[in-house]
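Both complexes below contain chain A, partnered by chain B and then by chain C.
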Partner chain A sequence: MKKILKNEGVQAFVASIICILLGLLIGYIVLLFINPSGAGESIVNVIKNFFTWSRPQSQMKQLGNTLAKTMPLILCSLSILFSYKVGLFNIGCAGQYVAGACASLYAGLAWGWGWLPCMIFAIVAGALLGGITGLLKAYCNVNEVISGIMLNWIALYTSNTLLTNVKETASPYTLYLDKTNPGAILPTLGLDKLFNNNSNVTIAVPLTIVAAVVIWIILSKTKLGYELKATGNNRNAAKYAGMTQNRNIIMTIAISGALAGLGASLLYQTGYMRWECTQSSVPAMGFNGIAAAFLGGLHPLGAIFSSFFIQHITDGGQYVNTNFYSSQISDVISSVIIYLCSFVLFIKLTMKKMLAKSDEKKGAK
Partner chain B sequence: MGETHASEYAIEMLHITKRFPGIIANDDITLQLRHGEIHALLGENGAGKSTLMSVLFGLYQAEEGTIKKDGKEVTINDPNDANDLGIGMVHQHFKLVECFTVLDNIIMGVEPVGAMGFLQKKQAREKVIALSEKYGLQVDPDAKIEDITVGMQQRTEILKMLYRENEILIFDEPTAVLTPQEIEELMKIMKNLAAEGKSILFISHKLAEIMAVADRCTVLRKGKYIGTVETKNTTMEELSAMMVGRNVNFHVEKGPANPGEVVLEVQHMTVASKVHNNNAVKDVSFKVRRGEIVCIAGIDGNGQSELVYGITGLEPLVSGSILLNGQDISKSSIRKRSTSGMSHIPEDRHKHGLVLDYPLDYNMVLQTYFKPSFTSKIGFLRKKNIQEYANRLIEEYDVRSGQGAITPARAMSGGNQQKAIIAREIDKGPEILVAVQPTRGLDVGAIESVHKNLVAQRDAGKAVLLISLELDEVMDVPDRILVMYEGEIVGQLDPKKTTQEELGLYMAGAKRDEVKDA
Partner chain C sequence: MLLLTQYTLIFASVLLLVALGGCISEHSGVINLGLEGIMVVGALGGALVMRSLGTTSALVMVLVAMLAAALAGMLYSCLLGVAAIHFKADQTLVGTAMNLLATAAATVFVKAMNTAANPDNHSSEIEYIRARKMFIVNINGFEFNWFMLVAIIAVVLVYFLLYKNRLGLRLMACGEHPQAAASVGVSVYKMRWTGVLISGALGGLGGLCYILAGVSVWKFENGVAGFGFLALAVMIFGQWKPTRIAIAALIFGLFRALSNTYTGFPFLANLNLPGNVYNMMPYIVCLIVLAFTSKASHAPKAEGIPYDKGSR
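Moving on to the complex of A and B:
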């Protein structure tokens, strides 16, 4: 038993599960405080998410929607963990995601581009914004967290300004992409049929899985991954070994940004969501990517499952009984759970300490 | 000793056992310190000396065993308890505030405070001056720490303990940073202190010093108590055998050198300092030839580190040039220098030498991972080749670790980490090997093997540049010594003809020659 617990992978998995349970427990306590009578039912609904619907068809349709939003979250968490492995905390992921959203929507709505060029444009936009953070870090030694946060706001307001050119006159939202330029909508490859004709389920799903596998391969099997991880673990040793640090830093955040940009394009190009040109906060997707990355044990394949779980919980929030709670409660519950998710490393550490202690005791006997 | 004591011993640590996950750091260790004696604590790195002292200081709690002061059992839960019992320590790295005066540092934490909270330094100063005269500890109470020599800094640390009226004084490797003259001075001071009734614990792995100053010596090996001996009844050979568990050859076996053509030539090199505005290396020129070991000697902090950074490319040059086999490499990248035949055993193996979270095999290819045998054309690592290569080096250089090639470097002992680095750098087949303190923190057995490797490089017709702070190493290993003082080369000596005393004069800046054609 103890031997199994000492395995790093098992530890990460157990820690993630503990985090999830803690999150649900505390969410439940919050509900109890606000109104005890609906708490039990509501927390169960959060976990059930689409199963709250009785008809299997509706269930599949709702699952499809969750999946559509899971893909960008997976890519954001890949973005976070990729730079994290290189010792960089890419909080600018949120802004790179915004840049991707803006690029894909603008190219699709204003210029009438096809889906693939739109997507590539979003990737380039995310990479460029990430590249700025990288350049600042490499050549001016500006902390990537500081410049990332600043660039998040710059990206948000630039996008708001640009996308105002393609918004509906009567609302703050951008035009419907599927009506304005159906060619920019991602192909479904027949996946929609599996989800009760939910056209939000698209090529995004296989593309995201491929991206996760590619990131995993880069990190674990290639020379590039070897260099990047060495730089992340010990910058001085990487320099001593003659690795070119500045190039590695810039490239890392640029790849990170490209992933976030791709994530945005995979959501906005389904037509499922439109951009609100008056929004004054950076979309949470990039930040949730942090929680998803840690909950997934900082492993690219773990990120797939953790992202799905987090999106599942977030969507489940809408099934909280609004007779008992105000409608914002869904955000409260899901954010409590997401918050707890980022305790994975802490729990892992505690587990290690406990194992060591019990070893020490055993040694004492 | 006129005083009477309740017990023969000032401090007794009886049957101390302290365990950490996976290892027993102290296994039933007994250490008894008599009143007024100098007691040496000898052991290799990892023998458990630091753990034992941490237990005495209350930083760790022992699982078993008792501590007695003057025959009475005491519990020490934190360093404050230790202080209350009169136990003081001079740490290897001094705990002094650089911009404070000597006096301020001595009274810090126990400042005499008068009415209204004003400091009353006058009586403190008188007490400090009285103490320094009594024990022959020369200091200038008003000098700032940053302006005084290392020797005086150490005397300040000793005065700190005396000012607090500590009875039990612990010296942790006190001679590592001193010149030979300062070491002699310190020995005298320690004997004075003991004669005045202070009890001294002297932690060291330098046998000659222990033989010179200590009355008794307790030896630890791998966490176990080996024994306590009277130094007048033992020999250095016996002590080292107790410490290592076998007989060790102190002397480096080597034939005469056959210097060939120049491999590395440094011309008028100047390197900036990261600490102060001055240049750390000033207009230094020298050559290293095939088949010889050249050693840069000097006290720590005289520009040796920056000299190495300049040669290996970790820092840019301010001026001057470096030739490797006649080619100017002074502007080349670190990678270019490495592939043109330079190997570098770095001063700090954790900072530069290893990626601690990588397994051993990944660390073994840190300088060569990009070569075709380890990386395929499209950029995939050839893990099988990397592991086979690592296994070969592990075998050849006797690198020991828990799980072989897949052991995380972090989980290996310091000595084996160093062996891994040495294996990697030598196996690269360098034209010039730059070895910076390659035996730092290693035990006697490991030092022997490192020295053998350096000599083997030389005998294979390669050039070796050794940078060392250890006097024995400086006298024993190289064919030529260059002494560095305040960023300049102040002397060129032949190790066969010079003495440690003469070397010390150069190192302290008391003697200097115009060195031409080094």
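Moving on to the complex of A and C:
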């Protein structure tokens, strides 16, 4: 038992579980304060999400929808954790996601491109926007968090302006991608059959898993990953060892942005979501990516599970009793989880101390 | 032109208050990226008072609402204090979490409150038409807002606190070299808490000022549109010095004001640019300014580094 607990990975897992449980508890307490009578049922519904449906077919269909939104979330959390490993906090991920959405939708709707070119265009758009943050950081020493936030807003307003050209005349939403240009819709590879013909489940699922594995391999098995991590640990030492730090910084955020851009294209090219050209806030996907990345212990494979969990409770928010509560309760839960994740280091230290203490006692005996 | 001046001054007041908050917190050694969230909570505190205070005199209304906003901001900044000062948490992460939490929690809270009052009302809006009038003195068409005065007082106070006062010098020492400060008997924990709490109060005030700037109804789902981060940019542009921050706030305030008033200027309206261009303006200007001013950074040396008694 103790041997297992000494493993770093297990400690990270335990810490994440503690964060989740505390987050849910606080969410429950908030619901209790608002209205005690329906709180228990509502928090259970948040946790159950698609299981609240009684028919197994509907359950599968809803699970498919959650999966469709989990894929971009996984990519956003990969984007965050990749740059974080290199010592950069890429909060601009949200804007890079917006850039990807804008690029893929515009190419698909206005120019009638096929799905693969659209996707590549989205990746390039995300990478370019990330590259700006990287350039500013490397050559002008601009804090990447602040430039990232500024670029988020710039990306949002630019996308609103551009996508207005391809919107429906009667509504603020963009045209339906599946009706305007079916060629831009991602192929399903037969995966839709598994989820009660839910066409939102596409090639995105295998692509995302591949991306996670590739990021994991780059970070832990290649020379590039080693150099990037070294730059993150100590800029000057890395420079002294002959690594080109400016190039590494720019490349890191560009890769990070490419992941976010890909994520957006994987959601918007299913036709599941349309862009609202009058929206006044940056989509939450990029910010939720932060939650997922830290909850997953900053490990690419952990991110897969934590992303699914975050998306699961975010979707679960719609099943609360809306007579008293609002669906944003799941945003409260996930932001509390992010806050608690900042204590993970402390939780791990405490665990190590406790283990060391009990070892000492044994030694004394 | 009058309108442009008015909007410039009110937005500059918002940025100034919040940037001064960030400045004090960073001088004590804690990066306060949660200012955006603190603004939302401060705005909520003020809005609740404005809504619940019935018929009172303008003076009472203004003072109580400001006090509530400052207290709400201080209370919320404790989340940062606990995590960053005592648990050595990553301050960027804590700040981000606070920003997300504030908007979500404020939305849930206001919606629950509205729904409890009227079962069909699921909006996240608080309305304060009458209260807003009490903040404003009309001088020949120019709407003077009491917050403009508060912002000026804040600059003076912060200036004296930081440079003409023992507390301020000790506080800044904790942001430059906390171990050195500790070696002469200054409590680093106490100083950092002072910095965080003052920044919470100023951030909360700034939040209330922001929602009073142009409208009489606030939808809490929208947060404060990156103003907390703009304020941090103002602080960097102002090189962490109160007087320079005041100038920087005016410049940024002007660009923000343009998006509200550009239709009133014939030569701007004739350019026929989409409104979104003006919406983007403050953020673009911010990036350009930062690109030119960040190289020679005067940031406090120990900011963002958790205090460790044992390290040298």
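Note that the second predicted complex is superposed on the first by the 321 of 365 C-alpha atoms of A that agree within 3 Å, B and C clash if a C-alpha of one lies under 4 Å from a C-alpha of the other, contacts with A are read in each partner's own complex, and residues count from 1 in each chain.
Following the convention adopted for this analysis, a residue touches a chain if its C-beta (ideal position, glycine included) is under 8 Å from a C-beta of that chain, and two chains touch if they have at least 3 such contacts.
These numbers come from a predicted model, not from an experiment.
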item	value
Comparing the two partners chain B and chain C, which touches a greater set of residues in chain A	C
First (chain B), second (chain C), both or neither touched by A:323	second
Contacts of A:248 with chain B and chain C, given as first, second, both or neither	neither
First (chain B), second (chain C), both or neither touched by A:236	first
Touched partner set for A:160, first chain B, second chain C, both or neither	second
First, second, both or neither for A:146, with chain B first and chain C second	second
Which superposed partner A:226 touches (first chain B, second chain C, both, neither)	first
First, second, both or neither for A:338, with chain B first and chain C second	second
Contact residues common to both interfaces of chain A (with chain B and with chain C)	none
Interface residues, chain B side, partner chain A - complex	19-22, 24, 63, 312, 314, 333-338, 344, 346, 351-358, 362, 366-367, 369-370, 375, 379-381, 383
Chain A contact footprint on chain C (complex, rising order)	33, 79, 83, 87-90, 92-94, 96-98, 100-101, 103-105, 107-108, 111-112, 115-116, 119, 122, 124, 221-223, 225-226, 229-230, 232-233, 236, 274, 276-277, 279-280, 283-284, 286-287, 290-292, 294-295, 297
For the chain A and chain C complex, residues of the former touching the latter	30, 34-35, 89, 91, 136, 140-143, 145-147, 149-154, 157-158, 160-161, 280-281, 287, 290-291, 294, 322-326, 328-329, 331-332, 334-336, 338-339, 341-343, 345-346
Residues of chain A defined as touching chain B within the complex	221-226, 229-230, 233-234, 236-244, 356, 359-360, 363-364
